[in-house]
Every structure is written in C-alpha cells, then in structure tokens.
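So the structure is just underneath, and the comments pick up after that.
Chain naming follows the written order as A, B and C, and within any one chain the residues start at number 1.
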Amino acid sequence: MTKFARLALAGLLAMAAGGIAWADDAQKAKIGVLRLSSSAPVFIAQDKGYFREAGLDIELKFFDAAQPIAVATTSGDVDFGITAFTAGLYNLAGKGTLKVIGGMSREKAGYPLIGYFASNNAYAAGLKTPKDLAGKRIAVTQVGSSFHYSLGLLADKYGFKLADVKVLPLQSLSNAAAALKGETVDAALLPISTARSLVDSGGAKFLGWVGDETPWQLGAVFAAPKTLANHAMVTKLLAALARADREYHDVILASVKGGKAEINDKTKPLLEIIAKYTNLPVEQVVGNCAYIDPDGKLDVKNVDNQIAWLQDQGFVDKGFAADAIIAKEYVKAD
Amino acid sequence: MPSARCSMLERAPQDDRVTEVRPVAFRGAGFVPKAGRASGWTALALVIALWQLAGSAGWVNPLFLPAPSAIAVALYKLAMSGALWQHVSASVVRIGSGWLLGTVAGVIIGFAIGLSTLARGVGITFISALFPIPKIALLPLLILWLGIGEEPKIATIALGVFFSTAISVYSGVDAVPRNLIRMAQSFNVPFHAIVTRVIWPGALPSILAGFRITASVALLLVVSAEMIGAQFGIGAFVLQAGNLMQTDQLLAGVVILSLFGLAVGKAINVLETRLLHWR
Amino acid sequence: MTDRKRTHMDLIADHISHRFGGLDVLDHVSFTVASGEVVAIVGPSGCGKSTLLSILGGLLRPSEGRAELRGAPPADSLNPLTFVFQDFALLPWCTVEANVEFPLVHTALDAATRRAVVDDALKRTGLTDFRGAYPKQLSGGMRQRVGIARALAVRPAILLMDEPLSALDSQTRELLMEDFIRLLADGAMGAVYVTHNLEEAVRLADRIVVLSRRPGRVREIVDIPMTRAERGAIDARGKLLALQNDLWSLIREEAIDAEREVQHA
C-alpha cells in the first residue's frame, strides 16, 4: 500500500514538474558544426525539436573552419562533429582518435557546391571548361583540402597528371578570390557562396561544378571513441538526424531545379531555418543546397578512395583504409 | 622619553647585558639578478627531458604534444629527403631580402623623422596610423597588387620590419645627447658630417636594439608571408603540417624557426660587441 | 702656437637680452673681451651665465642685442671661438686621439698636418700616452683634458669655457686650474670663463663680470690688479682672498634669494 502511495506521489510530482523533468531526463551533447547549408539537417533537427523528441539535449557549437571541429571532437570539447573530410581529419582518424558514424553532404550532379572558376585572362586565352585546367596555375585554400581532392578527381577523370597542374595553397578563400581577380592565377576552386559575387561582378568566369564532374562524399558525422561507447546516445542522434535528412531531401532537394530550390509554402519554413543558422538571406540559401542522402548513408567506397589518394600524395599517413576509421555498427553504407 | 633613552645609552657600557659583541645583520641581499649562462641551458635541458618522459610514459597524447624524439625523427626525415634545404633556403631568401628592404627604408625614414620638422609631423602621423594594422589582414590586397610570386611575400616581411625600424631609428636619433650635436656645431662641423659622425653612431645602440626586434618580426612574418601560395619555405611547411594535423612535423618546423631566431640573436650580439665596444 | 703672430680680435657683448618663453633670463648685458684677455662671468645660479656664453659662441640666438667680433682672428685659427664644455661633450665611440681630431677632419688640413696638430695638442695636455683610450676608460679630469686638447687643436683666439671644472672633484680642479694658468700664460689666447666658483674667477681672470640674479644684468665689472704670475706668490694670497670676499658680499644676498626661489614648472 505504502509502495503504491509512494509511486503515485512520484508520478504526481513528475507530472507537476512537467517540462522541467523532461529536460532533466534528456542526455546532453554538443555538436561542432559550421554555419554552412551543408549542415542543414542539423539545423532542422535542432530547430524543429527532433533531437529533443529523441531524448537529447543538443547544444550546437559553431566553428569557422573544418579542421578545428575535428580537433575539438578529438579533445572531447564537442561530442560529435559534422564537417567535410580533410587530410587533417583523416590523420586524426588514422590515429584512432575519431570515427565516422554517418554521411552528410555530397558533391552530386545538379546540386552546386564547389565550382571551378577561371580568371578573365585565362578564360579569354582558352580556359573554357574544367577539362582545360591541365597545366594551369590553380589556387586552392590548403593542400589536402576538399578543393585539392576535387582537383585530383578531375585529373583522374580527364587523364592528366596532377603534377602538371601548379596547385597554389593560399590559406583562405578571400586570398584565393583575390588571386583570381588579380589575374595572378589561371583558375581557382571556390565554394559557390564565395564565387557568386566574384562572377556577378565580372571578376571571374564560371567553368563548372565539381558535383557535375566528379561526385563524391564531401562531409560526414563523426565522434570520438569515448562518445561511441554511449550506444544509446549515438543511436538517438543518428535517428534524429535521419529524420531531418529525409525531410530536407523530400522537401528542399526535391524542389531543386537548375541548381536552385523553389521557394513555396512547403519549402519556406525549412529554408528559413537554414537561413537563420547560416546567417544568409533565404534568396541565397536556395542556390546553395548541398545534396544529402535521405537515409544519411555514407559512400564508403569513395571515402576509401579519398584516403588512398591523400596517402599517395603524402598528405595522410600510410597504413590504414576506410574500414579502420568507420564505426560499422552505426554507418549505413551506400 | 628622549632623555630617558639618552641616559640609557650613556649607561650602556656598564650594563653587562649590552656589552656582548654581535655582527650587524646583513640586509642588502637580492635585487641584483645576474645572467647565468649555465642555468638557462640546464633549465632548457630539464624541460626537454621532462617533455620526452611525458611522451614516452604515455602521460600525454602524442597527437597533442609529440615527444622531442618524434620531432627529431621528423627533422631527420626532412633533412634526408632534401626538402629541408629547399624550405630553409626559400625562407632565408625571403626573410633576408624582406628584412633588408624594410630596414633600409626604415632607417632612411627614421632619420628623416629624427632630423626634419616636416618629415616628423608627416611621418609620425602615418606611422601611428599604419603601424597597428595587422599585415595579415592586408594579404588579399597584397595579392591583388603584387600577385602571388615572391613580391607579396617579401613585401609582407618588409612592411612589418619597416615600421619597427623607423620607430627605433627616430627614437635613437632623438636620444643622441644634444650636447654632442652642439659641440659639433660649435666646431663648424657641416650638417652631413654631424649626421654621419655624431648622430649615426649615437643612434646605433637603439638601431641595433631595433634590429633585434625586427629580426624576430621577420621570422614571425615569414609564416604569414608564405600563406601566399608558397610551395616551399619553413612557413609554408609549418602551415601545411598544421593543415594536415601532422603535429610532429609542425613542431619540427617550429624548432627550425626558433633555431633561426637563436642564430639571428647571436649574430646581433656579435654586431653589438663589435660596433658598441665603446659602451 | 706660442710663436704665432699677435693679431687683435675682441669679443663684444652688445646689449644682449634673452628670454625663454615668458621668462627674462638676460637683460641688456654689455661688455668687451679684449684680445688675449681672460674675463670671468660670475653670478648667482640661474642668472643666465651659460645662456650668455652660448649666445657669445653663436649657439643661441639672443632675443635682443647681439654678440660681435672686432678685428681679425689669427690667420691660422681654424675656429676663433671655441668651447670647452662642463660635461666635456666627448664622443664616447671615439678614442682620445679621434676626439681631438674630430673638429679637424672637415677642414682643409691634410692627414699629415692633422696628425701633427693632434700630437701637439695631446702633448700640451699630457695625453700622449692615452691617445688610444676611450672616454669611459678615463677619469673626469683626463676627460676634460681631452676637451681642452680638442679646443687647442683648432687654435682658438678665444676659449669659451662653461664651468669647465664644476663636474670634477676638488683635487682634479686644482690640477686643471694649474693647466689653465699655464695655457693662458702667454696671452696668445683670450678666454671667457663662466663659473660659480669665485676662487677660480679670482685666480684666472683679468676682469670679472658680476651678473645680478635673473634677469641677469651686469652689476659690476671688477678688475684684478695683478698679473696671473704675481698671484702665485704667497703674499698675494691675502689680497686675493679679500677680493673674493668683496665679490661674495656682492652676490650673497642674491644667491640666498636665488636659492629660495621656487622654479617655474
């Protein structure tokens, strides 16, 4: 009898506490993320309460570059990281300090993200398509970056040697844009967000999109081994993300035509969420929608290819392949 | 009270308790630090030994802090591959020419500010306005103006060196004792000779002190300078190692930079003892 | 030096006034230093003695009046009006020899002549053995001897000496005073000797210009009725002391006032 009374009392108290008890039960976790639309599902899941409904209390930590997210995940400052694959990330993962648990953005035909751009002079001199990049001086941000790898894929596709291209690391997008505008390089790989104003003002010429030329797995969700041990939390996170992935895919990506998402009654709420988190007007968000697999799948074969390529270039330590850095129990392979 | 104390003193010799002799306690110790050569090196060796121990014993993650031995291995590999010399020579050329350019311009402008009222008014205003601008913020502009060849790299270093040099030169000129200049004037020594034989040597101590700073500035800036499309150079090497999270190589590059710093410091010591032996 | 032809060149202070900002320092000071004459300028501190000397030597432009030269300096004089400074004003990065040669380098003299002139100046000041030394290695007295040697090297007609002994201890002062008496003995060189030390003034000067406290005016010009040679005699001592006391009584009241004055910031 007393036992029942106690239970009833506990139940009453819990009901009285309401939302507060709800928050106390939720598992706390931090996600390191960039303010880019390639992380759109994270913003959707956070804003629409999908994490909360899955029993997670997520705090988003915003970073300026991909590398620090990987480092912060390794050091435990964030529990999960969502960003692009880089040589630095693979070097960390190769030492066993973090593992990939799911896929995120991809370069895919029809969804512009990174493009090839020519300087006006080089364009006039005959650099009109990505194929013509062989033998040119090309600016990238950093060696071993997504841009560098995209160029490597292009070289493979058109059968020229990357060694014939003069790759110039300029450390930042603004430096690369300045070099292109100042005619000191023939071409540069730039994200659409940086390149748009440059092309619109006549400072550079558009050559093509990486996604159209060489689709590949650009970004991923990853976690430190310590986080992986918390099986329940990882599963909840991935489920919430998959829900947002699906919604993003079916609503926004399905409306993309000519590289731009439509603005209509269905897409608008989601676009506004993305706009809020990326600090961009909706009009810019629509032209900047990264492709993300609706089931959060990861292109494991491509990850393997990335690692092998970076190892060949000497940017990543040799001696491991994709399976060593992927948490198989979580990853849905493509 | 004073009278009581007085009488006590007069009585003192007769008092048994006060006849005992004791030394005046020494209280002038401390406040004269000396530069100990040995202690500095010992401390450095100790820190390195502790660091190595922490690495070998697994107290720290080698990714976050590679052990000295790992850095030494990275250096050795770099030297064996021949890339080390490419990196070092590319950087030395940039640092050397940038420093020289900045120094020559800084000395000329510094002297102008120190000697002419007009140049002083204009120069100090410009230096105050431009000196605090972080040169790294100007990189995109430098690329637009000078491209991505050697020019913007050398210009980055030269700019950083120029301001510090100009400031140390004009404060050096200001610090030349006025009585020496008046003395020279009283002997009808012509202006150019006062500049070369009184003001230049008089300002030399602070000019050399300025060199010590600008040499470090040049070393600091080589990393920024080599952000601009450099394929070789210690700065480019450090940047690349950072981008690729190769922390052992990153620290190997840092070690090379500090060796540069030590070498430059030594060279300036030699210059000082040769040129300022009269001090 | 001693065999050079005597010519006449007088230095004249002609109603010199000076003010620094709003502060009157000198007020219509006039006197003449005749060729070969030694004139001491004394007065309470802050009376503008050193300012006056700078004006006489052309290092400072007076607010009113002017310094004038009458007659021609000796033909071989390279710098007729030559300073000896209180703080010696030696170039610390030059050896004794180079310091003495410093005012000669930009003259028409050839290297050999310069060397001979420097050697002579070093010999007359007893510095021959110290020619390679740097100023920091020398005592205060030796440093001032370098300053004197440098002045002698340009063969001045009139030495302008600005408290040349006041940075030195009393024994060194005595030794250098003897040097001055010897160097000025032949009357080939005149001198203006600024000092606050009345004993030095009485021992060295032919005439003493007594300035009042600020703004400095000429209160009195006192003749010393003895040659410098005569002043060395024992029986001259009393007379000189009496002179010194007379001077002191002229200055004393004002020296007290000058000392009590609060400096304008």
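In the analysis below, a residue touches a chain if its C-beta (ideal position, glycine included) is under 8 Å from a C-beta of that chain, and two chains touch if they have at least 3 such contacts.
Bear in mind that the values here come from a model prediction, so they are computed numbers and not experimental data.
Engineer: Please check whether dropping subunit B from consideration leaves the other chains as one piece, and if not, give the groups.
Structural biologist: Ignoring subunit B, components are A | C.
Engineer: Farthest chain from subunit A, comparing Cα centres?
Structural biologist: So the farthest one, by centre of C-alpha atoms, is C.
Engineer: Point out which chain occupies the most central position, where each centre is the mean of Cα atoms.
Structural biologist: B
Engineer: Between what two chains do the most C-beta pairs come into contact?
Structural biologist: A-B
Engineer: Please compute the C-alpha centroid of subunit B, do the same for subunit C, then give the distance between them in whole Å.
Structural biologist: Going by mean C-alpha positions, subunit B sits 46 Å from subunit C.
Engineer: If you average the Cα atoms of subunit A and of subunit C to get two centres, how far apart are those centres in Å?
Structural biologist: 86
Engineer: Could you list, by residue number, the parts of subunit A that touch subunit B in their complex?
Structural biologist: Contacts found on subunit A: 67, 70-71, 74-75, 86-89, 91-92, 95, 97, 139, 142-145, 168-172, 174-175, 177-179, 181-182, 184-185, 315-317.
Engineer: Please name which positions on subunit C make contact with subunit B in the complex.
Structural biologist: That would be residues 57-59, 79, 81-83, 85, 87, 89, 91-94, 102-103, 105-106, 134-136, 154 of subunit C.
Engineer: Touching subunit A in the complex: which residues of subunit B?
Structural biologist: 61, 63-64, 139-141, 143-145, 147-149, 227-231, 236, 239-240, 243-246
Engineer: What does subunit B use to touch subunit C in their complex?
Structural biologist: Within the complex, subunit B contacts subunit C at residues 177, 179-180, 182-190, 193, 197-198, 201-202, 204, 276, 278-279.
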